[in-house]
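Worksheet for the structure shown next.
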Amino acid sequence: MRQRSLVILTSVLTTGALTLTACGSRDDKGGDSNNSGGSTTTLTIGVDAPLSGENSTTGLGIQYGAQIAVDDANKKKLVPGVTFKLKAYDDKAQPATGQSNATAITGDKTAVGAVGPLNSGVAQTMQQVFASANMVQISPSNTAPELTQGKNWQTDKKRPFKTYFRTATTDELQGSFAADYAYNGLKKKTAFVVDDKQTYGAGLAKIFNEKYKEFGGKVVGTDHVNTGDKDFGSLVTKIKNSGADLLYYGGQYDESSLITKQLKDAGVNIPLFGGDGMFASTYIETAGKAAEGDLATAIGVPADTLPAAKQFIETYKAKGYKGDYGAYGAYSYDAATAIINAVKAVADANGGKVPTDINDLRSKVVDAVQKSDFEGISGKVSFDEYGDTTNKQLTVYQVEKGEWKAVKTGTAK
Amino acid sequence: MITMTTTTTTGTPVLEATNVTMRFGGLTAVRSVDFTVNSGEIVGLIGPNGAGKTTFFNCLTGLYVPTEGTVSYKGTVLPPKPHLVTKAGIARTFQNIRLFANMTVLENVLVGRHTRTKEGLWSALLRGPGFKKAERESEERAMELLEFVGLANKRDHLARNLPYGEQRKLEIARALASEPGLLLLDEPTAGMNPQETRATEELVFAIRDKGIAVLLIEHDMRFVFNLCDRVACLVQGEKLVEGTSDVVQSDERVVAAYLGTPFEGVPEDSALDEVEAAEAHSATSTTSVEVEGDQK
Amino acid sequence: MTDTKTTPVTPAPTTRGVLPLPTAAARPLLLAGGIATAASAFLAWTWTAEFPGDLTINGYPGGLQWLTVVAGILTVLFTLASYDIRGLGWLLPARNTAPLVLTALGAFATTWFTIIAISVELGGLANLEPGGWIAAIAAALPLLGALALPQENTGNAKETFKASIAKAEKIPAPAAVSPWIERLVITVVTAIGLGVFTYGIDTEYGELFVGYLITVVFAMWALHTAGLLDRFSRLVAHNRSFTLAMGFVAAIAFPFTQTDDHYANIGVNILIFGTVALGLNIVVGLAGLLDLGYVAFLGVGAYTAALVSGSEFSRFSGVQFPFWASALTGAAASLIFGVLIGAPTLRLRGDYLAIVTLGFGEIFRIAVNNMDGDSGPDITNGPNGIPSIPDLNFLGFNFGQSHDIGGFTLGRFANYYLLMVLIMAIVVLVYTRAADSRIGRSWIAIREDETAATAMGINGFRVKLIAFALGAALAGLAGTVSAHVTYSVVPTPYQFAGSTPPNSAFLLAAVVLGGMGTVAGPLLGAALLYLLPEKLVFLQDKSLLAFGIALILLMRFRPEGVIANRRQQLEFHETGQLDVPEQRIDDTDDTAVSVTKAGA
Amino acid sequence: MNTLPQQLANGLLLGSMYGLIAIGYTMVYGIVQLINFAHGEIFMTGAFGALTVYFYILPDGTPMAVAVPLMLIGGGIVAILIAVGAERFAYRPLRGAPRLAPLITAIGLSLALQEVVRNFYPGADRARAFPGLDATHDLGSITIKDADIFLIVSAVVCMAALAYFVRKSRTGRAMQATAQDPDTAQLMGIDTNRIIVIAFAIGGFFAAVAAVAYGLKYGNVDYRMGFLMGLKAFTAAVLGGIGNIYGAMLGGLVLGIAETLASAYIDEIPGMQQLGGQSWANVWAFCLLIIVLLVRPQGLLGERVADRA
């Protein structure tokens, strides 16, 4: 009797296992069937940014920036017969998670391009995945020069990945533009340079340091802080003792707003000059009146001077999206629009219909993005031979009566 | 002041403690005690609570480093590290049982064999023939010891599940596993009923017959005096007297140390003799709490 | 043994269910309810494909509906077993009602979760098709039946319910079965385990994963109360090596069941995290040394491999070691690091050692982040780390390209997955062999009582140092592979606590949650702690909150870990009386056991 | 201009903040031998409690002299409630469990508290401005803010009160007894659960005081402020001898001063130019801890626990 019950057991259990695996496949089949049947094809654009934990405020700004771009395109029926869907992935600013999101995006048969990530460190692990899937990746915020110009970008530039673009300029331009303005514009002769030991902050501070000395300025001291530090007492005392008349900070607003407050509290009334990582309303809210007179460089022309950008800010507020759109929202909007325009170009070239084979579509979109040239909400959007934005326009802003005011716009040398 | 009665010592000296002194800050727990244990001998160490017996014990086993004096085993001075003392050949049990609660009975004894085996990490990983042979031998030796103490059938029970008496036996088996030349027992019969005490007596005799010298601390006088060839008495950290059981039994300083000196200024009449006789009688019979009659 | 008739203070326990339904009707209701629930899954529950899994097609169940089908079938099977149907006797050895109640609860919970999810996400109950309503009612039937089952009712509903899902006390020992049948059962169970595990990993959307969790938890609970898990663990204990082999065959089969590379990527990350957790298990689980900076050794292994990988960014970019050489150097570097850290600090006790290892973990991360030539010697490129690490090329097999093996395409991550299975096999082998040996016993002895262990001749310091160094080397080994998998090595992941694994806090959680001192425990813990944040992402920014709460609840209800090893189990569940271990199967032992019981 | 006095002042201020938080770690560890990793987050919730009092309860423009005490009370209540709640629902059920289980619960709790504040407190996903006491005074070459004075005064007052409470009051003695040997304390009729709750409450209140001082000094609070400060405070508690309240404050001061001086002057030591600065400061703090523990394994003020055979 024992043997018979075991035979029943095995048959029941194996059928159970088969049904489980079978259903797995059903989903995929189900997904495709209604796809080709219906009139419009759905194409997905992936967004990868930190949506929880550290940097999530700026990360959410990137996600919703791209979301608005996709909604606008669908509303205006930019590409006939195609509706775009945005799928957001949270990389929590961790390289391994970013990479796993990248494989998820490239694995999604309907995905055609990706926006993000926020952090340069995360981009390094993702570039290869998109390259091997031949899918376009546009980052609205990575500024490390190595990502597009290879290891020794000072001496001989060599583009590592054909599929990687970015709508944000590199630190090289931003650093030299800031150094030029600090020395010639503000006539500051001595500077103290501090950075937060992160890819973006350290890179930017290093370039400012070199360019500032080239312009003839004297760097009286350098120091490094950790992200998450709150007490900068010893740094402030060092700066006060060094007698520098300008403090240049490479890093995000979380630390620089604290430094400027503690600096002014200790009676050191020198301005704090930073990069686009600080250019956000949060900086002024946190630092309070200590922020008066501080400066920050940002890419492109001031948002409020462009009508499209004003409309973007209104939609963002109307939809009640969380996160801080100020830092990279506009560049994320332009990155998503660049992908959509590229799909439109590919569809037009293919007689108004989007090619059905996804890999063919993806490689055509990469070439189309390389050739894109349109007026985005953050200024002219087009890419040079390395995938960097040709929009070399930079603006220096200064805090006056609790507001960022544009004081100089120009192109970096 | 110490009366050394010369006893005929047959075997060679196994353990020699010379002038062992232990000071904790101001307090001198043990003051210059000389002590020897010969091979194949059972020696008792008695003394009231707080006399420094366990401290002296810890000096012997390397748990404490004696402030003065040396402890040597079979001629070589012992290093002050407990695990090297065990390697040299002295094994011990603890006053309150310290078994490896969550290991099985067999595993406890196998840990005891640690010093007698040398299979390190590499041989464990490679599992060569040497490793398998050593493990098999260890297990056989351990089972022999468990047989010896009568716990063979409980090899897979967790140590914490054994009743009190058997945990004591397991602790002894574990100590024997390191093939000691000298076994130190710290109050082996504490909390035992008479049958268990008698069983322990037989066990200690059996151990002695295997040629292992035994040094034990005990309060149960009858147990000590039945068992030990020689007994030493420690009071306030000093060795008061050492000699055969009956010499120490009758030494009034030992009696005084335990029962206090008899009350002077009592009229010298027959009543006084009765009292002394009663004291002498009670001194010879066990002073331990259980009086034979009212057994639970 | 006299019958311990307790004279209850409360009135004599009547035998009727929590609900005042006629007890005779209970089981038929359960049976009918189970069949109805399974059938209802074939109807369309909602009209729009908006809700993921497309539950709109009549006649063919979608994503979450499949779970209801499985739960329904389980309820039916257990109810039939309780009717003593000839073939299903083994399913309910003790004929207790607990598994019935639990499977009914499982069916109810899965179905209602789906219904609620549909109405919540699509806004309003209006989105439910009639099929949805039928399913809701059908799922309620078995629950009513279960609550009506005859149960010792002491009046207090809470106690009765607790009693109704309690594990049966006396579970008759199974009849001795020939070994090849045992092996067949283990093979089948492993196949199902792989199927269920793959289904769990392949869940595309969060709701499906939560539904999957509900069904699996209730099913396992039911099997536990039926006593089947204990039987299976005894089966495994009998042929331990066979089960280990089956486990690895299942692990190797996993990538072949995958259509795209994303799930293999998750698989590789789980394996790396699990291997390092198993390494930590030696230090924490066996030797009892609390190490709060363990991820630093993974970092040392990764950075060493990156430096010698020939990537143009590494300082010795000219050098390119073959894989076996870089793996050995990585493990050796971590070993040296482990000895350097261990030697001075291992004399410290318990929590002091914890803070010192925490300190070393932070020192490693800060040092690596600062050594970029600007604020420290340029060894690790500072925050940029060492990017573009080339793929491994091992005996001509280039891990970067995807290969076709017998019709299955193995993507890049599937290749690394198989390599990682090999590494994990080595670590499992090292762990099992070290644990069950002289050195393993000395670790456990040190953990139990260090003074007694030194009295037994164990050199505490040396043995602890070996455990520390071995753990470090194994983590380093896993690190060398993880460097190649993620193309680049940066300092950010190697911190004390963060939002995603691997970091020291999550490693410790995986070991404790999974079950200290066991082999499968840390691996299961690692899989759980990796999948939870990954799958809870549909909660968007609430996912970390849900993860924190999940940690608290898991520790609250299972402090000794999901797979508690036999020793811990007895230690933590302080059962009132002397908990004599379960009866051994062979009869020789019975007489002795009963003797002592009478004697105690 | 010699910066040593100013740097010493900075170190003292930072150290007293570490000390106040470290008290919470030491009290909880002394009584239940639990490393309460969530204590950093209890410090953070105290700050948000004070923030709520200032912005949402007090009418705008209430003078700081009135606002600060009320903020202390508000922050204190929130921190105590969460600390006691954590003990009651997360740690107490695990009393019999293996030693590592409450540790994992604490890690989960700290993650959960951070995320609760980030998700549900208005505007907490970014740093929230905190009312400051920014009037500065110059004493010789040292510039001190009002907030700094508040920090020093509150640290001294709290330490004195705690010392008095632990040594003189009945509950204080009961607490010492429970720390030494909980089982015997229970035999003496001490309700150890009540004592444990009090320990968590005191730890919570001290963290709230530190939180208000933090807010006044740095002018803003955010949901992640508790993580790094908690780690440093725990290091300080161990440095001073875990379980000893004076050790906690001493450990805090030593750690604060060592860290500040290290980041200020290490790069003037020849050969270590690059290793100065704040980014290496934590490394030197941990190195100090490890060296102290090697010399005195029980910390600065901890007493040696002899293990009697």
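Letters A, B, C and D mark the chains in the order given here, with residues in each chain numbered from 1 onward.
The rule is short, and it goes like this: a contact is a pair of C-beta atoms (placed from the backbone, for glycine too) under 8 Å apart; a residue touches a chain by one contact, two chains touch by 3 or more.
Which chain is which protein? Per UniProt: A = Leucine-binding protein domain-containing protein; B = Lipopolysaccharide export system ATP-binding protein LptB; C = Leucine/isoleucine/valine transporter permease subunit.
A quick note: this is a predicted structure, and the numbers were derived from the prediction, not measured.
If you compare A-C with A-D, the chain pair joined by more contacting C-beta pairs is A-C. Geometrically, the chain at the heart of the complex, using CA-atom means, is C. Per-chain CA centroids place chain A at a distance of 37 Å from chain D.
Computed from the mean C-alpha positions, the centre of chain A lies at a distance of 75 Å from the centre of chain B. With centres defined as mean CA coordinates, chain C is found 49 Å away from chain B. Within chain D, the positions touching two or more other chains are listed as 115, 227, 277, 279-280, 282, 309. The residues of chain B that reach two or more other chains are 61, 63, 94, listed in rising order. Contact of a single residue of chain C with at least two other chains is seen at positions 366, 369-370, 374-375, 451, 455, 499, 541, 544, 568, 571.
Interface residues of chain D facing chain A in the complex, by the touch rule stated above, are 1, 3, 6-7, 10-11, 13-14, 17, 115, 125-127, 129, 132, 134, 136, 143, 145, 214, 218-220, 222, 224-225, 227-229, 260-261, 263-264, 276-282. Considering their complex, residues 49, 53-54, 57, 60-63, 66, 69-70, 73, 77, 86-90, 175, 177, 181, 184-185, 188-189, 191-192, 195-196, 198-199, 202, 204, 257, 259-262, 265-266, 269, 312-313, 366, 369-370, 372, 374-375, 382-385, 387-388, 400, 412-413, 486-488, 490, 492-493, 498-500, 534, 537, 540-541, 543-544 of chain C touch chain A. On chain A, the positions that touch chain D within their shared complex are 52, 54, 56-57, 197, 222-226, 228-235, 237-238, 240-241, 254, 257-258, 261-262, 265-267, 282, 285-288, 290, 322-324. Here chain C touches chain B in the complex through residues 429-430, 433-434, 437-442, 444-445, 448-449, 451-460, 466, 470, 567-568, 570-571, 578-581, 584, 589, 592, 596, 600, going by the rule given at the top. For chain A in complex with chain C, the residues that touch the partner chain are 1-6, 8-10, 12-14, 16-17, 19-21, 23-24, 26-28, 30-31, 34, 51-54, 56, 60, 88-90, 92-97, 99-100, 103-104, 106-107, 120-121, 124-125, 128, 132, 144, 146, 151, 160, 197-199, 202-203, 206, 224, 226, 322.
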